[in-house]
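To keep things simple, chains are lettered A, B, C, D, E and F as they appear, and every chain counts its residues starting from 1.
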Amino acid sequence: MNESMKARTVIFGTQEDRIQRRLDALDPDLGRYIRDFAYDTVYDRPALDLKTKELIACALLVSLGSPPELRTHIRGALNAGAAEAEVRDALMLCVPYLGFPRAVAGFEVLRQHLEPREKPAPGQGTGLQDSEDQ
Amino acid sequence: MNESMKARTVIFGTQEDRIQRRLDALDPDLGRYIRDFAYDTVYDRPALDLKTKELIACALLVSLGSPPELRTHIRGALNAGAAEAEVRDALMLCVPYLGFPRAVAGFEVLRQHLEPREKPAPGQGTGLQDSEDQ
Amino acid sequence: MNESMKARTVIFGTQEDRIQRRLDALDPDLGRYIRDFAYDTVYDRPALDLKTKELIACALLVSLGSPPELRTHIRGALNAGAAEAEVRDALMLCVPYLGFPRAVAGFEVLRQHLEPREKPAPGQGTGLQDSEDQ
Amino acid sequence: MNESMKARTVIFGTQEDRIQRRLDALDPDLGRYIRDFAYDTVYDRPALDLKTKELIACALLVSLGSPPELRTHIRGALNAGAAEAEVRDALMLCVPYLGFPRAVAGFEVLRQHLEPREKPAPGQGTGLQDSEDQ
Amino acid sequence: MNESMKARTVIFGTQEDRIQRRLDALDPDLGRYIRDFAYDTVYDRPALDLKTKELIACALLVSLGSPPELRTHIRGALNAGAAEAEVRDALMLCVPYLGFPRAVAGFEVLRQHLEPREKPAPGQGTGLQDSEDQ
Amino acid sequence: MNESMKARTVIFGTQEDRIQRRLDALDPDLGRYIRDFAYDTVYDRPALDLKTKELIACALLVSLGSPPELRTHIRGALNAGAAEAEVRDALMLCVPYLGFPRAVAGFEVLRQHLEPREKPAPGQGTGLQDSEDQ
């Protein structure tokens, strides 16, 4: 990971254009606030490295009931250099603070990210990538 | 920080006995579950260092509305080697995920931890330590 | 909008009978409580106009994680005279109070309401209307 | 119900092995914590009978937005001897504490449990059992 | 407990008039909705006994972060015949579903209810009763 | 109300400098984000009038458990031209969506705002203004 890159470029990786287009399609101002405020202002603060930020983001998204953004930030944590075991321990730390149902939902999202090939029927494999944030 | 120490010994620091006694007084089984399951089982998992765990814990406690445990874990993050700027960035990362009111409440707890001397009237200074987790 | 109409008649519009039947099928008492207490007692209070009430309802449903009721009340706000831009600003006001994930989920529901024709395959178009609150 | 049986054996019934395998597949430690701490430590406490515990669990899962675990514990409450009317009253008690949207989502899960035969197309009946906790 | 008594008469006990006056002072309609809808409609449903309802209520109030109502319903559970150990097990069941911070806050409210004499300075003892729901 | 004024000037009224100083003291960046993003970007969007925005804000703050910001925005709603009855109906609309405990906590904050003179002992009256957002 290049530390001088913007956080959103590392987090979103090859999905960056697609995710920004999806947010802009929901509402252009919403897409702009997320890019300019959430990422380029708050996320680009210098004290914590990006891996730590993404592990915190994963835990916060588990607290919100594991919305689709959790998958984006599990991938973001891995893109920022986290080992799978580190993501698992971040999700597990949610157990004593939030209880098991929230944590189980988080691990279910991790499973879907790690084993995407189990689900599509033959011939649909690559298509899954296009909708993985849905 | 000695990595071979138990997480709760580092997190609680000089408050360890007092906190455990307080939890045991609420309910002996509750105190035991927190010690044996939350700390000695979940917290002592090896993949993440304690500083990262405590920054995640701070964010999760902000998501819960900043209960008294937030102060314990802000102190725990600092005890585990986090700089104040790192704690601030962990709290700030809650803004895009949880909104401003939850984050403001978290920063208010940080302020109380950093500036305890502002509050007591003359002569009451040391007494504050005894109730700081209340 | 006829101000003397019951709130639920304006909010539900052509879906009124279907929604009441669905709630009654879940539990007849539940359906009755929603009709008699939530709508005919609380909603019919006189101080606020129905458009304002529905914009508040949309924000509250975003706070709950955007359950299916959000779609009903986005439609209700529009039925009560709100412009699309007013619904968008009500959802956007959730950003500073609740953070982006909740708000994004709300805008996703708005998108589904505004662009229902994108989803069904040819020949399934009208069927979508029957299950739009699911 | 045999009072000397473990809570999880009664709650999960014929689904016990499948549910434990699913949790272990998410993460072996997570599966073990749920079995050893949540069930064999907390659930097996002696003061309340299992039916009461399961009605409380149903209400708590409604408070969390009715995750898939709600279906497991609605079935658990019935397995522990609760009448359908008792489950309905436990869900209804959520109305004054949590509002209607959470309660409606809970009753929707109850409906899916009570009427599973409505959904599968002819010939798919038994297959539903395998994924009912999804 | 006389089963033909209204739920609110048993739950509130000697505090009934005071609590109703406090709610009416906040807003007369709010006080009326709580009495007529929450208590005399939902709570007076027949399937569950009042003790079970109050244990469920305690758990739901823990899920909401233990607002002042938790103390009222801990007292209500005891008034309805629950043993202290049953209240403790209902609060403990919140641990696997909601995590430790919510449960600790609930046990703190229980402690305040059980040990009210510890707090007032000499001569203030009976005054505490008047504000115990604050 | 002058429509060309900034939202925060109307909402905060005579408290504007004090509130901004308090937020800056918590963290200068936090204070800046709230002023520049929450208020001067999101709040200053043009579709809704400020009174409607503040009624929505009050409802959202009730959903968060009525943190201190609720008092600021109850005052903001009144400053923006809302009648007390309109604030009451916005809080009451929280009952069917969020249940009674959240709504009661909101009405309690309204009561504190409307009756500040009941609390201070003789001679302390004006001092209350300085800490009313605490």
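Operating definition for what follows: a residue touches a chain if its C-beta (ideal position, glycine included) is under 8 Å from a C-beta of that chain, and two chains touch if they have at least 3 such contacts.
Everything numeric in this text was worked out from a predicted model, so none of it was measured.
Same interface as A-D, judged by over half of the contact pairs sharing residue numbers, among the pairs B-E, A-E or B-C: B-E.
Summary of the copy comparison: rotating chain C onto chain F for the best CA superposition needs 180 degrees, to the nearest 5.
With every chain reduced to the mean of its CA atoms, the largest distance from chain C is reached by B. Note on interfaces B-E and A-F: more C-beta pairs are in contact across B-E. The pairing of chain C with chain E is characterised as same-residue: of all residue numbers used at this interface, over half are used by both copies. Note on chain placement: the centre of chain A and the centre of chain B lie 26 Å apart, centres being C-alpha means.
Taking each chain's centre as the average of its CA atoms, chain E and chain F sit 29 Å apart.
Under the contact definition stated at the top, the residues of chain A that touch 2 or more other chains are 29, 33-34, 37-38, 42, 45, 61, 64-65, 88, 92, 94-101.
Listed in rising order, the residues of chain B touching chain E in the complex are 23, 25-27, 29-30, 33-34, 38, 61, 64-65, 67, 69. Partner chain C is touched in their complex by these residues of chain D: 65, 88, 91-92, 95, 99-105, 107-108, 110-111. On chain C, the positions that touch chain B within their shared complex are 94-101.
Residues 34, 37-38, 42-43, 45-48, 52-53, 55-57, 59-61, 63-64, 83, 85-86, 88-90, 92-98 of chain C touch chain F in their complex. Residues of chain F touching chain A in their complex: 29, 33, 37, 41-42, 45.
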